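My structure is below; once you've seen it, I'll send some questions.
Which chain is which? They are A, B, C and D, in the order written, and residues in each are numbered from 1.
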Amino acid sequence: MAELEIGIIGATGFSGVELYRLLCSHPEKPAVTLFSSSRDGQDITEEYPHLKGISTNSTLKKLSLEHIKRMDVVFSCAPSGVSRELLPPLLEAGIRVIDLAGDYRLKDSALYEKWYKKPAPPERWLHEAVYGLSEYNRESIKQAQLIANPGCYPTAVQLALLPLLKNNLIDPLSLITDAKSGLSGAGASLSKSSHYANANESLSIYKMNAHQHIPEMEQSFAQIGKSEVIMTFSTHLVPMTRGILATMYADLLPGVTTEIIYETLQQHYENEHFIRVHQENTPLSTNQVSGSNYCDISYSLDERTGRLTVYSVIDNLLKGAAGQALHNMNIMMGFNETSGLPLIPQFP
Amino acid sequence: MAELEIGIIGATGFSGVELYRLLCSHPEKPAVTLFSSSRDGQDITEEYPHLKGISTNSTLKKLSLEHIKRMDVVFSCAPSGVSRELLPPLLEAGIRVIDLAGDYRLKDSALYEKWYKKPAPPERWLHEAVYGLSEYNRESIKQAQLIANPGCYPTAVQLALLPLLKNNLIDPLSLITDAKSGLSGAGASLSKSSHYANANESLSIYKMNAHQHIPEMEQSFAQIGKSEVIMTFSTHLVPMTRGILATMYADLLPGVTTEIIYETLQQHYENEHFIRVHQENTPLSTNQVSGSNYCDISYSLDERTGRLTVYSVIDNLLKGAAGQALHNMNIMMGFNETSGLPLIPQFP
Amino acid sequence: MAELEIGIIGATGFSGVELYRLLCSHPEKPAVTLFSSSRDGQDITEEYPHLKGISTNSTLKKLSLEHIKRMDVVFSCAPSGVSRELLPPLLEAGIRVIDLAGDYRLKDSALYEKWYKKPAPPERWLHEAVYGLSEYNRESIKQAQLIANPGCYPTAVQLALLPLLKNNLIDPLSLITDAKSGLSGAGASLSKSSHYANANESLSIYKMNAHQHIPEMEQSFAQIGKSEVIMTFSTHLVPMTRGILATMYADLLPGVTTEIIYETLQQHYENEHFIRVHQENTPLSTNQVSGSNYCDISYSLDERTGRLTVYSVIDNLLKGAAGQALHNMNIMMGFNETSGLPLIPQFP
Amino acid sequence: MAELEIGIIGATGFSGVELYRLLCSHPEKPAVTLFSSSRDGQDITEEYPHLKGISTNSTLKKLSLEHIKRMDVVFSCAPSGVSRELLPPLLEAGIRVIDLAGDYRLKDSALYEKWYKKPAPPERWLHEAVYGLSEYNRESIKQAQLIANPGCYPTAVQLALLPLLKNNLIDPLSLITDAKSGLSGAGASLSKSSHYANANESLSIYKMNAHQHIPEMEQSFAQIGKSEVIMTFSTHLVPMTRGILATMYADLLPGVTTEIIYETLQQHYENEHFIRVHQENTPLSTNQVSGSNYCDISYSLDERTGRLTVYSVIDNLLKGAAGQALHNMNIMMGFNETSGLPLIPQFP
């Protein structure tokens, strides 16, 4: 049997490196090729010394259609705005692509241009792209040629809210999400906000009501959750490397009890490997999922106001990026869904 | 002129140590006596070596009424539930006390017992106590014998919301606060959640809808803000030592514009030393107030929903505890309000 | 074939939890029983919520000889001073034990009592114990009934120095080691020094010239390195959870060149899975081995003084504790040496 | 009386900002002008929002000789290699300058060029410059036109070693220093090593035997310590913002006892405001000096080898940079030496 060939475009970002780590331990033992237009010829261990000795194939290759055509699956970790131009030639050549950027997530190109402030990708591929929220789109993911892997925040938010929206338990117009992320979510590029002395010992609020993940979530609430949602959304930068905690607030609909909430979440996810539903009022910490592909969910009912607080935690580089992307590849290729995904969080 | 004599009860907690630091640099050069029932006879530098050589008066004294009567002002940093019994004898002896615990903040003893799950302090002193939100209660603070210094979260929340509530700009029943604090807010005592390996590299949510600061804020919204509020309130532990960031969500009332919000905040605080109002959509970080007595405030209007996001940052040990307490002492004693308070944040 | 049965004593410490994580992913799929005398009946997920849903066998069991006799291998993660009394009955019952504490590392009971300030374990088992420095004692480890797993600091130090001592490249009497460790090395128990507010944003020096790991290293230098060493040794606590960096200084012996140093290290470890030798003057960081069983080694020659600086990094909970213990189990049981050991560091 | 006019060149670096903070609270109430060639016209609060509202004079000015001539003292926080060209015109115009870069520290221009790998500054000013180690060069500092403020590492190292070298207690040829610094020492400019995800949760060793601070310390050991020293020196980056801990190793000279060490250090510094000598074997932490101008010193005798371990901690931005510079200004101008210097560390 021919060996499985996998390519990673934009391999020198954090998601790319994390994918490489996962793929190197994948039981299907794929041959992995690392592509990087800007650094071809370099060895990835120059920038990432932790990878020294891991593989004999650690030289970064220039992206060429000829070369990449040999791949069975390609993960694109190029930034939003780049995969728009980069991917269509690959897709036209018939390559199956899992894109970790935001470019192919929104079906409505006007919405993309409004929130991303960049020209949208070609309509054809916007249309073809399957939104890779693994637990909700398995059947389409199996058949997909192009998967738009969900954003980190949207993963944490949707996994907690979709069961409640689908079952009409909360008022879709009351939704407010207060999301918090570790620094790795901002990527490997240098910026003032990722300078250690700025980020360390400081919590920041940023992109209030303006984050490009807002339309992605609202689209999904409509398509998967069958609910028209306009959500208030704030994001915060937390002095830690990995982890997202999303705290969501919504009005309960009449007649909904805390037991109904619990049963709904529980039943919705009881056969899912990567979702752990906790009982009401369970405090959650990002370190209880760190290094794993888990999303942990709990909630609290404020009896005085009838408002529900739902909250979830993920590792942004795993469930929020590379882990979910690999999960999607497993689904696409018919592998065991948990193959190559670390099941147990690393603590401490 | 007789020297100013100041006592600190519970001097070995973080607020106590911070107060001591501030008082040692106070231009009135007070004589400071450190009281600690459990460690009398010890020198505070055994536990806090950073204080070595600061003062010749660093021995912890047993709390005796005789001794403490000599003090002009006493700060009590004993924990909630302790000052309830500890303070009445001092107060009856005529001593002026600034209490940093929660015991005397709530006027309604039933409310105290419900949220603190402890017996309430004597009604007389609940009634006498002045809530020490410096910017709002100056006149009463001047005359007060007992000041109930506000909680750390309530300080950040009230300073941002009170101008909006007082001016009827936001719907009081729509209020949701998502608050985040560094670890020093949990105090110096040992607990699993303050163990480095648990707290580091992890963000946690805790006490959802059950934090004892909820009734304190609602009481203040009613008394100072003239608004009946029932607020949903969540708290989070952030892997950093100092800092609180509070993110608040509320529906704007009809006709209120972003300009009105800005002008209201700006005018409300234009003569205040310790409040800095920023323009709409300014990202804020806790490190921009760290080491100072500032509260920085900004806001963002979500035009799609008509909801307002207001957010504020403080140093929880200064503006949220020792700094505000000293501010209150300055007001009480007729000193310059900024005396002994570090005006400039320490960054990086 | 009967299933492999493995017990972990003291399962609620950091090494115990890390071993459990590794064993749950071990390809031999062992049945793991968690023992804890103080918390029997509890579920380990109460204290360690990251383990929720990992296994159906997560209840902590009381330590009974009857029960533990069924185990093929037992890891003891009880603290130093406890395994001294705990292990002999198990050993007499014929159980194979890998002890992660310091009790059985020193052959000389007087030395143990001097440095540990506790009564030494029975001579018989001190004598029987095999020092589990995997790369150096493979043959004895295969046959051993009792393995004394090396300390965290000694692992980092010995792996870097033994090749140089064995080959007479450095002056054994000139050795000075300046070692630095993350907080997890101090364990899960609560103490002032592991309180977040004390440990965070602070580097400390502790146990100068008095660390109990000193005789362990010197014994090994004599036995394995054939060198009588008296080493000056300092330890530092670094504000991070995982990682050890050891910086070692020694005078080069006459005629030794930097090329000889490199070739010696390189050849010594070229067939070792878990040791990566870097070229001279390569900067090393603990994060390049974090989450893996690697020890990375480099060095720098100070031409002005003829002194050699050798330095190594490990993950203290893996190569410095649970990882090395599992490596030893793999050797003992004839498994592939890398089985169940994460090969790729987790970065970022 | 004319107001004191002070200029800060390179005001947007960390030392510049720290100096500005100190000067704004200085009792002499100087008028401070901030110079920045690259950002003139900008307000410093754009980059450093913590400074909002502190001063009406926060606009960055272009560096012009005309303007700067009005200053009584100028602090230069331009990087090494820049002040070489920048300062001579100012000096020739008669301005008193305190330079925080390395350019004027070495008397021997060949040594400068060897270690800094840049052309040396003019001999005249190398010769004129006074090395600003405040405790040792007071008399020259008073008269100096140009002060070369010591490097951060050299400050911590020299304060601990000079008394021992001057009194012939340790063997100068046996000296090894293992130094560790927080990230702020690397400055505000963006680099891979200061990216949060690289620096956080990781300890690194860098510039082994090649740090440009080596000749600075050796020059001082010769001039002030009357000892010809060739020192082995390693530096480490610690995941914290502020703080240096230097661990030094030396052979005791014959007849020297631990009591002699203690008395020497104690007597040497008993009249110094900013040096705290601790008893033998006292563990030290960087947080016990953080936010202050203190240098804390302790030591440990290894009786088995006759080696002395001396260690010291400073805040690298205060005693290691801006604090010492201000101390020097106070000496120069005849002010109280502690004026404007925070005496009490900020903890936690």
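Everything that follows uses one rule, which is that a residue touches a chain if its C-beta (ideal position, glycine included) is under 8 Å from a C-beta of that chain, and two chains touch if they have at least 3 such contacts.
For each chain, UniProt lists the protein as follows: A, B, C, D = N-acetyl-gamma-glutamyl-phosphate reductase.
What you see is a predicted model; the values in this text were computed from it and never measured.
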item: Winner on C-beta contact pairs when C-D is weighed against A-D; value: C-D
item: Maximum centroid distance from subunit D, chain identifier (CA atoms); value: A
item: Subunit B and subunit D: spacing of chain centres that average the CA atoms, whole Å; value: 36
item: Rounded Å distance, subunit C centre to subunit D centre (Cα mean); value: 39
item: Distance between chain centroids, defined by C-alpha means - subunit A, subunit D (Å); value: 46
item: Set of subunit D residues in contact with two or more other chains; value: 14, 184, 197, 200-201, 239-242, 284-285, 287, 290, 348
item: Subunit B contact footprint on subunit C (complex, rising order); value: 14, 47, 183-184, 188, 190-192, 194-197, 199-201, 239-241
item: Complex interface listing, subunit A residues touching subunit B; value: 173, 176, 178, 180, 182, 197-198, 200-210, 230-232, 234, 236, 238-243, 245, 247, 249, 281, 283-287, 290, 300-305, 307, 309, 311, 313, 348
item: Footprint of subunit D on subunit B - complex, ascending; value: 14, 17, 21, 24-25, 48-54, 184, 201, 241-242, 276, 278, 284-285, 287-292, 296, 317, 342-348
